[in-house]
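Structures for review follow.
What follows is a pair of complexes built around subunit A, which joins subunit B in one and subunit C in the other.
Let's turn to the complex of A and B:
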């Protein structure tokens, strides 16, 4: 596919890896923010072709992984109702709540459906006027415009049997939480390209300045990631901490204004609880007053209890990049994609799932640079 | 979940701005996509699509620049003392 295949080219990848090797004089720890980048790194063995001085730390950019247990429980409660058609992206179905997951609700007779686009859920609501159609609106800034347009459209068309269970999170506050933690090891950041396609690069400038870390907006294919690493290492070697944009083909400095306008219209910034990390102020989105009628939490009066004990799962440490998945005692033994103990093992963007699919038990890579299975989003 | 994939716009329907949409070709797989956030996108252009919504137009000139850049850092090597 155009704009994908050429960025998987082995020769370009090797040239970049050589260039990184030439400029690296000391150890650097870089965090790739997005779980999609983590999967590329694990899948193509990118960490095996860069010099050993460079450590790639996997970041919190997996929306499924950071959704708090109490919201999964709320989803489970709503989905179990007889009058409800519960719609979600596929990834959410197997995330364990404190009692069960959405897939179990479906097996028990609940009407739980996977949708590809939030607008499809609105269409479903229009076709099923006797039912309540609820969409699980999770995601980072990338997904916010798609969710916003669904709510806005439902409001314009007065689709009253549609509502959203919102668990939207924002990247910059999470980065600040990571960078200001006492055990932080991150020296440079590969920012999530598709989040920036929507929001632009500007909100990262104060973070780069305040924490003295280079931030490079980076794409998802091997050549993108290697170029991001190159720019980040170059800055670190030169003692700079600037915001750079590697992913210019898809990201403008100011982002997508039409998308931002939609987000601002439908959503407002709220505090959010991050699974395994805790509450971060101003770190998420909730519906604005004008769209509150579409809030599923209100409509179904689901009770918000605090997150319980995560048990053995160390997802919080994984999501902050403090531990690698193979350092979790349950990894591949008591926790597998078939029987996950935590969300990072379930999601297609979770670091534990990436290691399970592409790594040996010790975390070493099984390089697959020739691998080009079709993109899961299209299936 | 933040995956977004580039596809080529085959046609555009825009009776109402919020419902602006079109068919997009992802390497042979055709999907109906909302084009509400890329009002300037035209047939034949590539857009980056996430959750059924185009979030940006792919800039073809910038796309090529990545490879020009790789060539530049390759050439820099020839200028470095250890490479000569």
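Let's turn to the complex of A and C:
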């Protein structure tokens, strides 16, 4: 498959891993921002072919994981209404709220549907004028343009029975929260390529300068991630803290201006609560006044309290990269994908789920590198 | 699903004489060893590229019998029809079943029909049960798997699941992905006739290749090593999986199986399978390791290794 196979090529990957080893003289801790990158790292075993001096810390870029419990609860309440068709991206359905998840609502008779594009939900609303159709608008800057189009389109066409339950979050404020925390150990950042395809690279320049961390806009395939690691390590070794763009095949310096304009028209920056992390100022998107009629929270008068005690779940520490999933005492014992304590174990992009699926036996019977094709780093 | 089966069904129905959990139960009556199995089909949509619920109901049960090395003989067919289900659709489904049965050389000899109120069913549900005869001395079950066995698939994986997914969700790809639904009993009989001492067979239905291997690994008590680059996946299936964020290792097939055979019979097995149209893409994809830790490990394209785990629940399309 074009644009995939060449970025999963074993020879290129090993050459890059070798190049990283050659330039590494001391330990470095890098954070990959996006859950998609985390899964790629675990799925392809990328962290096992880079030098042991480099620690990859898994960042907060899993929209499913950071959606606060109170909004999951609101979604559950709205979805359970008989007059509602509740639409969501697939991987939100299994995320536990304080009482249940959306799949349970579906099993109990709620009309909960997976859609692949927000506009599909608007189409559904037009076809079901007797029902309220609600779309769960979650995600980072990546999904914001498509969600903005859906709201804008519904407004233009006066699709009055459509609304969105918004839980949009923004990457830069989350990075600042992580980098300014007293227990931060992140020295370099692999920014999320798809977020930057929308927003561009410029908003990361002040962050790189302020916190003296290199930021490399990085893609999602093994060769992308290894190139990102290489650039980041090179900067750290040379004492630089610049913003670089590894993912040039998708990301332009200024991003996608039409998409940004659409986001600005439909959404406004608001404070947002992050599951496991807490409220971060100016870290989310909410509907602007002009589109407030499409706000499901307002339409259904949802009253949900702030997130309660997360119990044993250390999702906050995982999402800030302070702990790794296998450092959690509940990992694989009291917390599994079948019975998750927190969202990172549920989502297909969650760090805990990635470790569970690909890495469960770390330190116990962890698979070693293939002996037939040795990687220089571990020999 | 596994927990449900263990906790609710096996704990109550479990028969010490047929404890081996496999696609079909083997019973000895007189001097005859018979394989017996049943399966219910609730697929949506009823018609999909490459097949329909009728052909699927024949292939699925025939394949379950074949996986114990049995030669399928007879099937039953039970229908649960929703009131108002179009008779033309039913005719089409039954024609398709009859044709699939002919091709698989099985007879449908008994059946049942029930009608439920409108709104209480999904058009039509079909149950088929099947009996086959085991006319060889091999014990084709997971516990026969041995360290060093070659793991072989009879063709590309994931096509059925993605064909259903694309049709069900109205996803439009440039090319229509056709289901791989087919009866594979002939291939199995050919292998046995060629004198391959098959250790275990498993069709790659729900949960796909990854789930089948994990189940066998756990039951056999051996680890397994797969080579990612040798697992055949067609580009259209691979692309569709990439778009939806699915892992093709977990996508269901309906005409694909894995065979565990002694290493020295691996090439012969591939040769026999390749002589059949349903096995033309047959490939050795890995081996049973000598590690008694029941773990399926994949050597990735970039040379690292990772676990291939059981999936919990269905794969859900990703946000981004």
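Worth a mention:
Please note the rule applied: the second predicted complex is superposed on the first by the 361 of 379 C-alpha atoms of A that agree within 3 Å, B and C clash if a C-alpha of one lies under 4 Å from a C-alpha of the other, contacts with A are read in each partner's own complex, and residues count from 1 in each chain.
By our rule, a contact is a pair of C-beta atoms (placed from the backbone, for glycine too) under 8 Å apart; a residue touches a chain by one contact, two chains touch by 3 or more.
Note that the structure is a prediction, hence the values are computed from the model and not measured.
In the superposition on chain A, no contact is made by A:108 with either subunit B or subunit C. Once chain A of one complex is fitted onto chain A of the other, the partner contacts of A:253 are absent, as it touches neither subunit B nor subunit C. Comparing subunit B with subunit C, the partner in contact with more residues of subunit A is B.
Shared-chain residue A:19: touches subunit B; no touch with subunit C. When the two complexes are overlaid on their common chain A, residue A:116 makes contact with subunit B and with subunit C alike. Shared-chain residue A:93: touches subunit C; no touch with subunit B.
When the two structures are aligned on the shared chain, A:312 is found in touch with neither subunit B nor subunit C. By the touch criterion defined above, A:45 reaches subunit C but does not reach subunit B. In the superposed model, A:64 makes contact with both subunit B and subunit C.
Residues common to the contacts of subunit A with subunit B and with subunit C across the two structures: 1, 4, 36, 63-64, 89, 91, 116, 138-140, 142-143, 194, 348-349, 375.
Listing the residues of subunit A that touch subunit C in their complex gives 1, 4, 8-10, 13-14, 36, 42-46, 48-49, 63-64, 89-94, 114, 116, 138-140, 142-143, 194, 222, 336-338, 348-349, 356-361, 365, 367-370, 373, 375.
If you check the complex, the residues on subunit C that touch subunit A are 3, 169, 171, 229, 235, 238-239, 242, 244-245, 293, 295, 297, 299-307, 309, 312-313, 315-320.
Residue ranges on subunit A touching subunit B, taken from their complex, read 1-4, 6-7, 12, 15-16, 18-19, 22, 34-36, 61-64, 89, 91, 116-120, 138-140, 142-143, 145-147, 149, 152-153, 156, 192, 194-195, 197-198, 220, 223-224, 227, 230, 246, 248-252, 256, 258-259, 262, 347-349, 375-378.
Interface of subunit B with subunit A (complex): residues 1-6, 8, 18-19, 26-27, 29, 31, 34, 36-39, 46, 48, 50-53, 55-56, 58-60, 62-63, 65-67, 69-70, 73-74, 76-77, 80.
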